[in-house]
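Can you keep this structure in mind? I'll have questions shortly.
So that you can tell them apart, the chains are marked A, B, C, D and E in the order they are listed, and the count of residues begins at 1 in each.
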Amino acid sequence: MDRLGEWLFFYLVFPGATFAVALGLAMSWLDRKVTALVQWRTGPAPGQPFWDVVKLLGKEVVVPEQSWAAGFLALPFVGFAAATLAGTLTWHAALGLPGGALGDLVLVLYLLAVPSLALILGAAASGSPLGAVGSSRDMKLVLGYELPLVIALLVAVFQRRTVDGQVMAAATSSLEGLVRFQDAAGAVLYRPSGVLALLVAVVCCHAKLGFVPFDQAEADTEIAEGALIEYSGPPLALLKLTQAVQLATLPVLLVTVFWGGVETTPVGLAAFAAKVLLVLVTFVLVKNTNPRVRIDQALRFFWGPVTGIAVVALVLARMGW
Amino acid sequence: MASTSLFGRALRRSPWVFHLGTSGCNNCDIEIADCLTPRFDVERFGVRLVGSPRHADVLLISGPVSIACRKPLQEAWLEMPRPRAALMVGVCACSMGGYRDAYSVAGPADKVIREVDPDARFVYVPGCPPKPETIIAGLIKLLGEL
Amino acid sequence: MSDPSSRHVVQIGPFHPLLEEPVGFSLTVEGERVVAIDARMDYIHKGLERLAQERTYDMVPILLERICGICSVTHSVCFCNAVEDLLGVEIPPRAAYIRTIIGELERLHSHLLWVGLAGHFIGYNTVFMWAWKYREPVCDAFEMLTGHRQNSALPLVGGVRRDLPVEYFPVVRKTLDELEGQTERLTAAVLDDPVLAARLKGVGVLSAEAALDYGVVGPTARASGLATDVRRDEPYAAYAELDWKVVTQDGGDVFSKAVVRLLEILESIRILRQCLDRLPAGAINLGTLHVPRGEGIGRYEAPRGEDIHYVRSNGTNMPERLKVRAPSYVNIPSFRSSCLGAPMADVMITLAACDPCYSCTERSLVLRDAAGARLLATPGLIEASRQKTFELARALGHAPDLELDPA
Amino acid sequence: MDATAIESRLREEFGARVGVAVRSAKRLYASVDAADLPEVVRWLRASLPGCRLATSTGIDLREGIGLYHHFVVNGSPLVITLKALLAKPEPHAPTLATETAAADWIEREIHDLLGVRFDGHPDERRLLKDASMAGELPLRRDFDPVQFKERIGERPEF
Amino acid sequence: MRLLLLPILVPAALGLLGLFVPGRRHGTSSTLGVLGAFGLLASGLAILDLRGGFSRPWLTLGPIDIDFALRIDGFSSWAVVFVGLLTVVAALYSAGWWRERGGAPGRHAALVLLAGAGGAATLLADDLLTLIFGWEIVTLALFLLAVSGRDDAGAGAAKAYTLLGVGDLALIVGGVLLGIERAAAGVAHPWSLSGLADDPLPTAGGAPTAVYVLFLLAAMAKAGAMPMHSWIPTLSTTTHASVMAYLPGSLDKVLGVYLLVRASVDWFLPSAGLRLVVMAIGVVTILCGVVMALVQHDLRRLLSFHAVSQVGYMLLGIGTGTVVGAMGAVFHMANHALYKSCLFLGAGTVERETGTLELDRLGGLGRTMPVTFGCMLVAALSISGIPPLNGFASKWLIYQGCVAAGEPVMLIAALFGSVLTLASFVKVLHSVFWGARPARHDAVREQGGIGIPAAMLALAALCVGLGVFAAWPLERFVGPAIGVESGGAAVLDGSRSTWGPVHGLAARPALDGGEVFDRELHRFPGTEFYRTVREVRGLGWAIELGESGRLDVHEIFRRAGAPAVDLLRRLHSGLLQDYVAWCLLGTAAVLAFLLWS
């Protein structure tokens, strides 16, 4: 039972739900604040995302008449649980917490797809036509970015290195294994293939987070927040929390996979925080200096140049570059 | 009056508004949008303009309500989750202003909403159009009422 | 794949974030591709051209300002042009310059507003914020000169009601100088942005032939290569004496429309500078006028294009019939030519590209307005009002905690 | 080309069928029989490059419904107004929507507000009026807004 | 050890009995069918823990002995139980189906039982000829079930039989070749499979390679891997859902994968090149199948393309040549049978209630058919590989196999195939169960007694159970199946603790709000979802190509080798007597050949 207790602590407290939510809300405040600064505004007060969520939790839930109520209400929970789990596993591996190799890259990837899926299904379940358009766009976007994202992440798995005359590669999809490999052989990022792969992964994660220019699914001026349109109150709060958790997870995942884990020294922690912030600020700046592209343009972009670069990175990685 | 619970405080710190122009002349609508922009920046107060009444706490209404707008307005009001309130921006929304004699106007927005929800609460911001500062002041007054 | 059974209708509006005003668009789409489009305009119909018969010629311009929140100068001056055409009179030169100044200030803030909204519609909120930030000083200048941010209540049949406070001219000039630099930077940014180009170029193309067939006007027509501009074609106010040029583009797409508007901002700044420099002395109106039986047509180049009013008088002090044709009324229907076959995401920006103003389209002839009296306030009152505004802003700016209820 | 030149060409082309009145160098009014409207419009658009329909006005006159089509020529100050008088009680006129797309909405509007039928209009649905106003013609002289509102029970009390 | 005969004889006997029940006696024949299915399951359970063989000599040809030999080991024991389970589900479902429809259930139930018996014989066979015998019975049963469906079933059945016939021919020729090879090596029982397993053949020389490839071909045809897949979609539009669920959906997959796993792990030591070929076929099957599924409008056709696509995962897992990959393949085969049966049964229910499976014409059934919807939702998420369902567990193992084998390209393709699968099922769920309900389906309700919902619920429950507790089947069945007698669950280590508690906050549901949209007018049919996909260059082209039938092996041969195929087609007349004659002739020829050598 000790293991279960330990696991529950990881999942519910640190680095799981509680921590991820707190960090995610802080990051989403940072997102809004930087956005405001770019736009010459003051922006929200520090506690703003927290108050938003508390308020939504206290509001009434309106279930649209046309909808499949159970799914409509339950799917945000599923998405939140999956995002939290992904966050837990990622942080667990990044920090090298006790408990063995919990995290697996493929598993995390799948778990991170679940929130999108929950939103897609929830929107489809709402019975709203605009929700359906939103969910269709979201699904297409998922189709677009999953392929290059997978390729880019596999660069870390298959990158060949020569250490002390020995050719080696991580050759494991376990996150902890990847961290250990990078400890031994240096970060994946320090090779050309790693740089390219990180680039691709950042772009894909940008789309995963639904930021402009890839926010077609929630384009408020086109389809009135699309997939989110029918949600209100606590389910909406959960969706916002899910976004926050993803915001706290994806930069960490990228840094962990491509730039090594955390050394638990003050310097190591600070360096890790700086890396994560760098990725996050990149997201925010790109978000604020681009207009939304059309969904077909996004698909072409992902299946064209982005996948191309990812493939090049993979080939380079196999060649030991 | 103003609730001191956590939720009440959150509500006052995070009022999300849905803007609904009911056949007005556009001027109030522009001043409302102006509230978002760098000079006035209502996001400082946690105000967000949202795209669906389902997400909103406050309905901003501008313009008189034409006969054709009447039903959609009532539907939008009912779509909003409780607690909810409405802010009447401009004389037209408050009292129909110069349109009171017009044949195709159904009534001021408060009357139209009260037809479906007698307990609805409103704050009125007169002006043609009211300045953004006035709209913000009205919004803050409304939050005190929630 | 054009199986009719797979079509469905997406309703945009009556309340939609794209639209500040209630108007219903029905897009029939296959997947994301729009195959038919229809508009429903009754939501905003509150207009009673009929009631114009009950208002005097002095009251009508003030009321016409409330046809549209943006083109308030447009409709009142256009009405004055129509009545002056009926009367066959020329207004005093100072009045002509004053009309030009307020008209061009209105064009400035309207174009900036459009640039911002267009950015917003394609999810580029930074452009929205920046453009509207630039727009604020223009509204301030308008307020300094007329006492109100949009509704000036200045135009009057035979001239203008009040003189402009020349002591504010240096401030206005400074505003224009700053705006010129900002607009040039914005224009450069728009022209160079590859993503914007990908998103806007070749989108919603309106050919010159279709433009003429639909009778579109203003920037929408000029972006399709039709060099039509009432300010040059039939110079009213002071335009005949000023040095400026008509901006045209050939693309007909959304990108061209954006470029036309951005360049027109710069032209407007030039016009304004000349007006401020050359403002002649003299009377500002012709005094009391009797309007005889007859009919007149007035035209005016609104920010969105040609506005046209038809006035018929039966000799009383109220018009027998007033017909208002705002520019959006002819610009909006052209979506049938420019939107069909486009993906839904493009339709939104195409609809927005003619800077539609649905309340104009549904022009309503407004009557007595309770707030109208405020506009006639003396400069002292205006100053007091501004003072209060600033105080409020300061108080709010320093007290973000909402529990401090100012009431 | 100014108004007088157009006047002489109009007389040349249509003779007595049009009654031309020139008010100034840039305003020309021509009264036409409703049935001749499409022909005159075709001629105008063909012989004056850049000529477009700016708008149309409907007026409830004592002697009938006045239907005025205002044409503007791009790049010139000229406004040409074609006037037709339609007989009550069932005014109708040939449509211009098949000649120029610009006539589509304005004809629907005049149909809404004044009850003028446009023969051959491709799309005769209402444009401005709400469905509840289906039988009303608000721009007719005999329309009483107060009575209308009482009839539909919408009179606001304040 | 005679007990080993039970799973074959019990259903076969009851099935043969069923053939003589008059067509009107629905109750009797359905009972017989269900009884036989349970008999198969019970006898499978009875022999579950037995290990060993049973042998009766069939023929002795000089130095060569041909036996009727059965053997049970870790793999076959649970495979038989599994087939029993599937047969029970199929029997229950068809009992419900026929009670409502009327018709000739006797034949149907009997053929299902015969197929079950044939499957059991294949799985338990320890002699290649016994295996071929069982294999052929299944093919025959499929064909007879297929032609008994509708009036227009003939063409689909003929196509199925042609392609399956090619596969079966490959198996027979391969068997003969193998026998010659082994006999030449002086083995006394050249067709004995346990003998072969004791001394697996490396595919170095020409003959073993040829035999392996022929077996591969047979397995591919049976399981429906590309390019031998085209009979499945064609058949799907003309055949009962229950038949689709039972045979192409599950039993044929079990047999095909069984053969392939046996061949790849037990009988041969395939070379790296051959493994690559298998993986490549797997990946192509995954991607082509799913892309074709993505654009289908007919639910059953869509499902059948997924049935093709999922086989790719199994081939991929086997092709990796790693223990974890093979375990994944076997586990996936079982999982696939579960969720695909569930999906086909659900589709059948929808069709029964609404009369159509055109996605355009469906919608909004989620609230009126909650059981069908719930079960199909679980199955759809499972086939898309969403944790923590069983589909994820087995796919994850296959991915691990790819990682271990160092095959990034295959891994990417497999992952991407999963995303596409998901996309396709979002479309299905949306267009059938969500969105606006066409008015003509307003009266649709869930009907049909207990049998069908029970079958679907059982399958959905298994999907969840085998996912959440994946360690158990891996340890108990899948590991032993490929020779890992204990510790099979250890491969799950990396994804341990996937299944944390779902915690949440209480929601306060309230019904409010009005309907703004006209639901007929503003429907968003699910078929609209992926129009954009067609518009992407390359993909659209591939889809066109697929739809035009130019990738269909059957069609290619029909066009290219017209005379030869014509002959084959004439041989495949669709008459039972002819086939029996061919079988006898073939057997005679083989015997003659053997006697002569």
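FYI, a residue touches a chain if its C-beta (ideal position, glycine included) is under 8 Å from a C-beta of that chain, and two chains touch if they have at least 3 such contacts.
Note that this is a predicted model, so its numbers are computed, not measured.
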According to the touch definition, list the chains common to the neighbour sets of subunit A and subunit D.
B, C
Greatest Cα-centre separation from subunit A belongs to chain D
More C-beta pairs touching across which pair, B-C or C-D?
B-C
Need the central chain here, defined by C-alpha centroid distance to the all-chain C-alpha centroid.
A
Max Cα-centre separation from subunit B goes to chain E
When the centre of a chain is set as the mean of its C-alpha atoms, what distance in Å lies between subunit A and subunit E?
36
For the pair subunit C and subunit E, the C-alpha centroid-to-centroid distance in angstrom is 67
Whole-Å gap separating subunit A and subunit C, where each centre is the average of the chain's CA atoms:
44
Indicate the residues of subunit D shared as contacts by at least two other chains.
129-131, 138, 143, 145
Per-residue multi-chain contacts in subunit E, two or more chains:
512-514, 516-517, 522-524, 528, 532
Check each residue of subunit C and list the ones that touch at least two other chains.
8, 10-11, 17, 32, 42, 45, 47-48, 129-130, 133, 362, 400
For the complex, give me every residue of subunit B touching subunit C.
2, 9, 12-13, 19-31, 33-34, 36-40, 44-46, 49, 51, 53, 63-64, 66, 68-69, 72, 76, 91, 95, 97-99, 101-105, 126-129, 131, 133-134, 136-137, 140-141, 143-144
Spell out the part of subunit B that touches subunit A in their complex, as residue ranges.
6-7, 9-11, 13-14, 16, 37-38, 41, 43-44, 46, 48, 50-52, 54-55, 57, 79-83
Note: in the complex, subunit B contacts subunit D through residues 66-68, 95-96, 100-104, 106-108, 111
In the complex formed with subunit B, which residues of subunit C make contact?
14-15, 17, 19-22, 42-48, 51, 63, 66-70, 72, 113, 116-117, 128-130, 132-133, 135-136, 149-151, 357-360, 362, 364, 366-372, 374, 389, 392-393, 396-397, 400, 402-403, 405-407
Which part of subunit C faces subunit A closely enough to touch in the complex?
8, 10-11, 16-18, 32, 119-127, 129-130, 133, 193, 195-196, 198-199, 343-346, 348, 400
